[in-house]
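Consider the two complexes below, in which chain A is the common component and chain B and chain C are the respective partners.
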Partner chain A sequence: MSDTANPTIDSARQDQPTPVKSVKPRIQAGSLTPYMFVTPAIIVMLGGLLYPIFMAFYLSFYDWEIGRPFSDAPAVGMANFIRMIQDEQVWEVLWVTLRFGFWTITIEMVLGIALALLLEKPIRGASFFRTIFILPLMVSPVVVGLIWRYLFDARSGWINYYLTTWFGMEPLVWLGDPQLAFFAIVFTDIWQWTPFIFIIIIAGLQALPSEVVEASEIDGANWWQQIFLVKLPMIQSIIVIALLMRIIDVFRGLEVMLIMTGGGPGRSTELLSLHIYKRAFETQQLGYASAIAVLLILVVFGLSLAILNFANPMKTRSDV
Partner chain B sequence: MKNETTRYIYYYTALILLACISLAPIWVMISTSFKDEVTVQSSTPLWFFFVPTFQNYADILTGRGKFDLYLMNSIIVGVSATFLTLFIGGFCAYALARARFVGRGFLANATLLVRMVPPAVVAVPAFAFVTLTGLDNDLAALVFLYTAISLPFAIWLLFGFYKQIPVELEEAAVVDGATPLQVFFRVLMPLMTSGYAVAAIFTFRIAWNEFILALLLTGRNTRTLPVATAGFLTEEGVEWGRIMAMGTLIVIPPLIFTFFAAKQIIAGMTAGAVKG
Partner chain C sequence: MKLNLTSGIAALAALAFSIGVAWANPYKPYEGTTIVVSWPSNNHFKVAETLVEEFTEATGINVEIDYLQYLKLRDRQLLEMAQAEGEYDVVSWVVMWKGEYVNKGLLTPLSQMYTNAGLVDPDYDIDDIADAYLQNGGVVGGQLGYLPGKSGGLYGIPFGAETSILAYRKDILEEQGIEVPKTYDELIAAMTKLNEAGIPALTSRGATGHQVTAAWLFHLAPMGGRVFDKNWNPVVNSPEAVKAAEFLRHVVKTGPTGIPSYGFGDMTTAFLQGDAALYLDSLKIAALSRDETRSKVNGKVGYALHPTDARCGSETGGFAMGIPANSQNKEAAFLFIQWMTSKDADRRIVELGGDPIRISTLKENPMGFDEYPVVAEQLPCADPDWRPLIPEWNELNTDVLGQALTRVITTEDDVQAIMDEANDKIRAIMEREGYYAWQ
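So, the complex of A and B:
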């Protein structure tokens, strides 16, 4: 597996070949001290992460609406899950989520990797440009939604202005048409997340041992062969992990769409997470929303396990 | 030689173009926040040349919208969650990095597994919990949840930084009679400043930017900035000048972090992607 520019990882990797460390740290097996150190974190994560996950499973077996006391909520067994399977809306938002994921991630990966390969050579001012590139990633999703809702606005939006004056097009009702709205949220996501792929891939490329690339050059590999037979295969695991992380994010995200379109028109921009949110707090069906949330948890955990399979930083040490 | 120059021209043109694409939407927001309503409504987009006004900021910070209160709420929540996460997460990461104990591997895996829990999953149970316990108008619930959400990434990040510190330092301190807590605070803390700085930026950013949980768990007096801004959008419709001023206020801290600690942020992001 190839490496990144991250010093933490480099050092962790160098530890690996040493099978046994002769020196022992202060806190060690048999002592209670390590447990005292990890207990606060465990308590907070149990309460703030595992309890909600457990509750989502639990509530999914009840028919509970906002405003009614939970003691009055009837237990309905698997009814919520059966309803989910037959629910056309759930299938519709799953399809929207998959299409959204396909277009955004494909374009972001291709653009991000291509730009990283083109701009890989270290040049003066590179760090300044990288600072600029990560700005979209630091902006709050709510603000991203606001900005692009303004830009895509049908009446006063800047995008319509340039399309009409430069290209002589008719003004488009971007966020009021199912297909155009879908395009708008895809476009927004690409703007925000392509830099993420770019930054990661370029870090991976720059950490490649230069001897390997040089050796391939001596062996007569041309530019394309170097990319597809040497560089990309060597950063393969980085690409896969970036891909998995983006897929997880597609299942987690809802804020940008909530601000830009509210999921509409119809359900054309309603991703799975947004659908759960609307089920729970707009149609007020907490139990049924929890059942869909269980589906979401299973998807995200499956993908997270896949990432752990590729790289588990805390398990690589021999002393574990 | 000529080839080299052409290549640099091509590099820099591409970089400048990409930088413009990244910056333009953010600049649209910032510039709009300094325009009066007439300028905002003007039929031509004005990028640079307009008479700037601070009226939007004066309106939102002193008006009836209680925006000053919400700004304070955001700061309180962000700072508290960051402090708690670093404190609790630092201990946990240290133990995971240095100690062998039963359950260590399980804890490490479980931590990484819950790192990506979707906010939509946490939302329903958290909402049910605060309405049942009457905590639905209290910033404490929000601070607790943000701490929980940030912990896995912070632990994982700090773990890497602890691994870099040579064990010999701690052993020397132990030989001199230091207790585990003294080792942690006196010996390691000074060496961990950059690690804690990166973790702090990521934690603060999560708490500062988060919207869904804040929307559900706060009331009239406990709203955070993103919630107040989104609320303004539906209530007031199209007062873009003021909305953009709110958006600009939300973006300021992350922008400052980026310019002062871009290198650390990139290290955190890259590490995050590469190592799960």
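So, the complex of A and C:
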């Protein structure tokens, strides 16, 4: 039956010199090929990503100062972690970081999504505004810190200049007052990172199939209903990814605060990452800084897991 | 044979000549050597670059300078000096790091060089270098660990060192009928009067951490206070220390807007732009005031001694230069340091716009600067012990005092309570570091 059904294959089989030995290696080579392709990437990942994380864990069990050989650094077991738990400074800066993250990310998400919805349609000048809005994203964080430090300068900054000349207000000590300094770094972060949310969301909105939106229009959905019941649910996975990236970034970034306020006044603008930097390079306690870095990794990991659990983009994608 | 004898005599003569040349030129053995120098990128060290070129021309020793912003120097230097073979042959440190560097075994004791007669210039005259500068920047050991004593040793020579003086706007003080303050009481009165007239009085550092602590320490020493007593007990809650903190609060209330965010650059800019009538900090203000690209007050500034209270006592700070223990060119590095801090170089650096370290240069005053007579008078009572340069100082400075003093100047909280709390925190750190092991 099969002979008549597929004479070509049969004749091919007959031509083959029964290569039993050569079949096995061919199968092995075939199964190894994908691994060979990903090996360089895995090596880079292990070297560039996992090794530093492993070293952070490893160092956190030692009392090591820069300038001394690591071989002389005493192993201190859990002492760094116990000290960290008892250290009120760590909890203070963690609280500052969480507050900072809450305000910046909330406002950036709302503003970024709102701007994307406004500039989504091909209105006149949309491309001009899009370019303007993403400009802050192109500026290096160090330069952002310097620009805003001078803008917020109490004596000669533009902000105080206009507040005093236009509104007759007393000059405000923006970076020298704990509340105002916190406001200043939140404002600066929003200025720099709202465009990031905007650009991701607008890309998502523009990729939406127009049929769905048109169908909702035909069904009688108004503008608000289209946004909240059609568009935003459809780009939910993109919103979650943008949110995750911002959370990770808030815990990671320190350059702007380092330049603008140095974490002060007091610790009012000292984020966890800046605190780790100071512990490592100002007080030279690398082991202790590593222990706090482990806490940072755990906090970011925990928050990311919680969000993914709540709204996993992969899951959403498969549902769609 | 005759030919051999002649050539032998010629060879001996050549050898003798070359030895003679070598003796006449102590730099000859190091000609062609390249040394790498780690310097801060501030005005003094930038203008010294011309002097470095002159050094290379005269000695044949090449110099590569690695400039870094001064607060970044320490990380880089520590990393380099911790290697088996470091890149640097000369490092310039902020005086407060010297204890840590020596404690970690990273510096070469200069006694190793001073016992090598071939290296030491007999005309160098180390006694001419201002004593407070030498003690503050170069000496480690002694009973306190950072000042001279029988157990102390020399590790560096000051270069780019400084003390504090009072700078004032002659025009404003004259206009307001205010005498130049000689004491802290007079200074407080002047500040109050200026404030009442709507003129920002004394500019000051105030940013959290090192800056605000430095501002407080400037006043602590003349007010008779210290950070520790002789047994390493913290005394930052003493009446003198609380008085200095209260004075700092008064400075913020009567001074230019924004002091709690001012670093050294911000506070000098306030004075240079005409936004403050008084300045009490590093003598570097004088050179900055003369620089019309940065200053609106050139010709309007007068200089006076750091006001006294319980005693006279100005700060001693800035930089010193030494040789890393892992340098591969220690002799050439020493010759470089000796050249750069010699009498001739000190005079030359003044011409170039830098700061002298020698009493003879200050007295000679080759450029006729207004502040030099004041500095020469100030230096004998400059206090090398105005802050404790112990390895733990960085943590106490930024983490404890830097935070407490920010509370002093940004809140209305009780100063005594703030300083009591800081005192307890300092004691806990000192205990952790083993300072009370013998008590």
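By our rule, the second predicted complex is superposed on the first by the 242 of 320 C-alpha atoms of A that agree within 3 Å, B and C clash if a C-alpha of one lies under 4 Å from a C-alpha of the other, contacts with A are read in each partner's own complex, and residues count from 1 in each chain.
Quick note on the criterion: a contact is a pair of C-beta atoms (placed from the backbone, for glycine too) under 8 Å apart; a residue touches a chain by one contact, two chains touch by 3 or more.
As the structure is a computational prediction, the values presented were derived from the model and not from experiment.
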{"item": "Chain B versus chain C as contact partner of A:141, first or second or both or neither", "value": "first"}
{"item": "Which superposed partner A:76 touches (first chain B, second chain C, both, neither)", "value": "neither"}
{"item": "Contacts of A:156 with chain B and chain C, given as first, second, both or neither", "value": "both"}
{"item": "Which superposed partner A:265 touches (first chain B, second chain C, both, neither)", "value": "second"}
{"item": "Which superposed partner A:281 touches (first chain B, second chain C, both, neither)", "value": "both"}
{"item": "Most chain A residues touched (candidates chain B, chain C)", "value": "B"}
{"item": "Partner chain(s) touched by A:89 [first = chain B, second = chain C, both, neither]", "value": "second"}
{"item": "Contacts of A:185 with chain B and chain C, given as first, second, both or neither", "value": "neither"}
{"item": "Common interface residues of chain A - those touching chain B in one complex and chain C in the other", "value": "156, 281"}
{"item": "Chain A partner contacts - residues on chain C that touch it in the complex", "value": "75, 78-79, 81-82, 100-101, 104, 106, 206-209, 256-262, 266, 269-270, 273, 275, 394-395, 398-399, 403, 406-407, 410"}
{"item": "Interfacial residue positions of chain A with respect to chain C in the complex", "value": "65-69, 89, 153-156, 160, 171, 173-178, 181, 261-267, 278, 281-284"}
{"item": "Complex contact set, residues of chain B against chain A", "value": "8, 11-12, 14-15, 18-19, 21-23, 25-26, 28-29, 32, 40-41, 43-45, 84, 87-89, 91-92, 94-96, 98-101, 104-105, 107-109, 111-129, 132, 144-145, 147-149, 151-152, 155-156, 159-161, 163-164, 167-168, 170-171, 173-174, 180, 183, 205, 208-209, 211-212, 216, 226, 229-230, 233, 238, 240, 243-244, 247, 250-251, 254-255, 257-259, 262-263, 265-267, 269-276"}
{"item": "Touching residues on chain A, where the partner in the complex is chain B", "value": "4-9, 11-12, 15, 21, 23, 25-29, 31, 33-35, 37-38, 40-42, 44-45, 47-53, 55-56, 59, 70, 115, 118-119, 121, 123, 125, 127, 129-143, 146-148, 150-151, 156, 158, 161-162, 191, 195-196, 199-200, 203-204, 237-238, 241-242, 245, 248, 251-252, 254-255, 258-259, 272-274, 276-277, 280-281, 286, 289-290, 293, 296-297, 300-301, 303-305, 307-308, 310-315, 319-320"}
